[in-house]
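Some structures to go through are shown next.
There are two complexes below, and they share chain A, which is joined by chain B in the first and by chain C in the second.
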Partner chain A sequence: MTAPVAPVAIVGAALRTARGDDPDALARMLVGELPPPAPFALPAPWSAYPVRAVAEIPGAPARSPHERILRRMGLHAHQVATEALRRSGVACGDRLGLYTGIGGLRAQWQDLIPALRDQSADFSASWSRGLRLLHPYWMLQHLSNNTHALLSKDVSARGEGFTFGGANAGAQALQAAAAAVVTGAIDAALVVAYDSLLEPELLLHWRGQGIPSEAAAALVLVADPAAAATAAVADPAAAASPAARPAAQAWLQARTAADAAETSDGDAQALPTAETVAAACAGWERWSHLDTAPWIAAPPPGPARTPHRATHDVTAILGDCGAATSIVQAILWATQLSRAASTPDASALCLSAGLPGLLGAVRVSSSR
Partner chain B sequence: MSAALTSSSPAVHHAETVRLAVAEALNLDPATVGPDSNLMDDLGADSLAFLDIVFRIEQAFSIEITRGEMERAARGDMSAEEFAPAGVISERGLERLRELLPEGGAKIAPGLRATQILSLFTVATFVKIAEGKLTGGAQA
Partner chain C sequence: MSRRVFVRAVGAWTPMRPQGASWRESLPLLLAGETAVREVTHFDTAGFPSRVAAWIGDDAVAAACDRRAALTTRALEEIEAEVELAALAGPKLGVFLGAESGRASPAAILRLAHAAAPAGTFDHAAFVAHAAAAAGAAAAVAARSVSPAAVASALAARLGALGPVHTVSLACASGASAIVSAVRQLRAGACDAAIAGGVGADVDPFMLVGFGKLGALSGSGLSRPFDRARDGFVVGEGAALVLLTTEPPDGDEVFEISGVGASLDGFHLTAPHPQGDGAERAMRAALRESGRSQVDYVQAHGTSTALNDAAECAALARVFEQPVQPGRPLVSSIKGAVGHWIAGAGAIGFLCAVEALRGNVLPTAGLTHPDDTCPGQHVMGAGRTGLALQSALCNAFAFGGANASLLVERR
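The block that comes next holds the complex of A and B.
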């Protein structure tokens, strides 16, 4: 865990979820103003696995020249990031950083099974028995930084940036991006994360907590919304919408933690402990809304008897979005808090967890 | 393509399969891809895209197109040294190219380098390579 940094402003966002891509409608579902349209079902491809329902993003990503390199979720991520940046009006160039989070390693069985199912025990004639079915770009298509590399070029994000991987990657990307913005390493950060839990190796061992899902989500962070649109642009031709002046939807802080106790005793299935949650949220005792999945059993910090406290769960309406959860939470709460302007100083403490013992904590507030 | 061919003939089917494979690989509307389309100049293919095109054609016809076969599509049975000494295609090599890859047109000119041969390829070039493999002919 790193030292807490000052809040940064959210000035642009976009997402793809199993319940659609409209943050306003999703925020209303989150706070119970709109009912989710229908229960999630279990499509045929996953019927052999011990899950009762899965939540997949409806529809394919828009056609793109990047299809030869990026797979479905990478394309979704590229597209939400581009949308978020366009909506923000933030200038591209040397002072725009890109922070990407991608869920854990996947075996890519959809490609591997056809290539492996007819192999012999001694792997003789392996090429003709199936390896020839692997696309020549196969390794290239599954590099974890593909989306980052193509996106940074396409939107001209030439400031510092990182790609994070693993169950907590979205929260890590948020934390690093916010720190870079606050310290002045960059003027603005484009943060995008994507993950799909609809993978055989996950569904076979699903813990029965929530519904496995997927999401791609992106937001744009700046330290000072008023100054962001006039930031120096090294390449004016690459600027997104220099005439637009971004307005803060909400303010954000992010922290991450890894529960060392869980890894030392070899329990890779453990969730963060109460102590880890409390440590990650230290100093954030004031919040009006709590967004946490029920399987994060640790008690949250804060005034338990605050009159307007309300508990919500983004995973209850969208399923478990894995490494993208923190960014989805941030987007929905920024939308909700900016919409509910009648509640000044409202804030949401959002917790997400990944295995083993990983915690993402995001605080979204309506004012700095 | 011969006017005598019917729409159901294997040759027409092969040509259409290759055309669709090229369109798919390059993420193009198939209507914009014709047999005479130059892959690089007209369709925007880069060298990486050629790998994708070959892969799709291999899968579609259950064939394997090796690098050597791609080279033979351009230089026939000439040796590499005879065809392009020091990387620049010789006069005899150019003659062979005009014979085997007439779709290259005016691009087949003195100074052409062996590394530039892919720029001569059209959709029809891949149709010839595929048909050569399927019929066991000398082309491929």
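The block that comes next holds the complex of A and C.
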């Protein structure tokens, strides 16, 4: 496969992870410039599950009027998206698109149990036995695009909008946003993904690959930062300030693939096959840094772009961030490549994978 | 110049027969103005805010681990009967599906909940300890069954699709937005062919109660978009898919998606913008891409709720305020017949738009007295056949103010 969609510029970012929210410190951790952090622990209640550790975002999200609708990760997502947009200097309105990635709806047992406690096995008379107790907002609290909807209202993102689902939803959102920006459907895209794998029904099936984790991450994409500097800043006073104008931190392309092929025992393929990884990465064989977990099939090697080709693993420092992984990778590598001025033509190929057979591939480069 | 996108084949699995019906089987019933809405009998709805739905009583679908996947497979089979999809396998085939997260059966959820809450509150240790005893239930909540992306991923595996795979979980605009996403990637060259569409599988106790407590469902149990007596939507289920290619198909029926548009209201979590501002911008974007100012037919989102139908019709009136031809555009909504498929709604709507270009305009079942707030050239009673239409627009609007419009033309 060729790389038909041109790279787009990253002009703003923010994130929340189990190791904090400083992209610079996280990037240094990723490339080994900071000492390895202390291992994650296994606090209650997660010690009940068949996992060796969990990686939780420390602290609660800032208080918000949306607490009656959004859960903890939705609130984190709302906040990082708002921060990323503010840092970008990009204008809101009809030309700002909003792309969200979510891992999927979770059971939220605490909401269900009062409605299920007195149910009979055949679910007869389920209304009178408890379903009537479901909160009128229950549907809104479990709406896959609730964060997306509240964000669009709060930041006045009125261009096109999508919410993608699945363990690679961050990569899906990046791929769609990049295509929209490049084709001129919008001027700028606010892309945010969030996920927590610290959920009872997910941990019950944990297969021992990596530390279950969580993250919320957002970035802002434009096709041309120079054009955006004159066209996108709505506030004339801000437009006069070069500091407020979008500046490219790095350039990005994204791809996705999936193949939930069934194994011989009838179970769905846990990870994308080597063939799928190779197809998704075709044309991207030249890179200076590869960011991938050891359980993901590596793409076929290509000619070295630089004498130095290094492999890194964001999951080794942050755990498995699910649907947010691709955007976390993009932010950390944009930060790292922008900082490492000595390698102006550097690039990072970032892979992530999740059930069932989902692949996200992001290429971040220091130049277009 | 970006590449062009054509509709090569369509397929669906609808509730127009109690056991389910293909798109081809559904058409005569839809043209006759029939509705699939009926009383829900496969679970106890006593006390529910709404006790009807347009549901499919297919035992094989009911027994499937993932109802979404079973419905989607049926829709795909209709396309497979027409096109040799194996010839398209490889890195240039993509999959784009509107789908929400799956749900285990109520029985499975109940077993796990009881296992986890022996004292009435969730107990993690009890959940882990007793999940093995509810092994089938535990498997039913595993990622392969409930991930929103599970259906698209399984489709990709079945088709040998190694190109981009997207799952759009954008509530009622998911299916149409998935087609928008497919068109974008096809135009950009990320793939040469794509299976795109959506699936809705929300006829279950939790969804009926959830939507009902939100006040969105019809208390009268009737789906009648644009009618003065409309009082909410009726949940339906089904799947609809299209095969899109960048190469025009052979034959006389060449349909091109010449414009796509999407927008956000940025207005309210549940209510649409009262004047349909976002809807108007989505429609105008699709028209702008296609270079048109008018269309012959609009397959409206038309949910049968008071606010949505009025807002959509207000937007339609502004967008098409100067019709080139009297009596155009014709307007109808499939939701009167098949209910609201949520994530699949825009996809089945798009099939209706394509069908209009084949000369068959489906009516809005249940519509007898158009509301004054819903002006338009409504198609009521039976459908119209033998028409020579050149262009059709399909709308899909979601909770949260996400809007998508698709414009398809006969070439």
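The definition used in the following text is that the second predicted complex is superposed on the first by the 310 of 368 C-alpha atoms of A that agree within 3 Å, B and C clash if a C-alpha of one lies under 4 Å from a C-alpha of the other, contacts with A are read in each partner's own complex, and residues count from 1 in each chain.
The rule is short, and it goes like this: a residue touches a chain if its C-beta (ideal position, glycine included) is under 8 Å from a C-beta of that chain, and two chains touch if they have at least 3 such contacts.
No experiment lies behind these values; they were computed from the predicted model shown.
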item: Which of chain B and chain C A:132 touches, first, second, both or neither; value: both
item: Which of chain B and chain C A:316 touches, first, second, both or neither; value: neither
item: Chain B versus chain C as contact partner of A:64, first or second or both or neither; value: first
item: Partner with the higher number of touched chain A residues, chain C or chain B; value: C
item: Contacts of A:167 with chain B and chain C, given as first, second, both or neither; value: second
item: Contacts on chain A seen with chain B and repeated with chain C across the two complexes; value: 132, 135-137
item: Complex contacts: residues of chain C adjacent to chain A; value: 2, 43-48, 90-92, 95, 99-101, 106-107, 109-110, 112-114, 116-117, 120-122, 124-125, 127-128, 131, 138, 141-144, 146-150, 152-154, 156-157, 161-171, 177, 180-181, 184-185, 187-190, 205-206, 209-211, 213-215, 261-270, 278, 281-282, 285, 398-402
item: Touch list for chain B against partner chain A, complex; value: 25, 27, 48-49, 51-52, 54-55, 58-59, 64
item: Contact footprint of chain B on chain A as seen in their complex; value: 63-65, 67-68, 132-133, 135-137
item: List of chain A residues in touch with chain C within their complex; value: 1-2, 4-5, 44-46, 48-50, 69, 94, 98, 102-105, 107, 109-110, 112-113, 116-117, 119, 121-128, 131-132, 134-140, 142-146, 148-150, 152-153, 156-169, 172, 175-176, 179-180, 182-183, 185, 200-202, 204-205, 255-262, 267-269, 275-276, 279-280, 282, 354-358
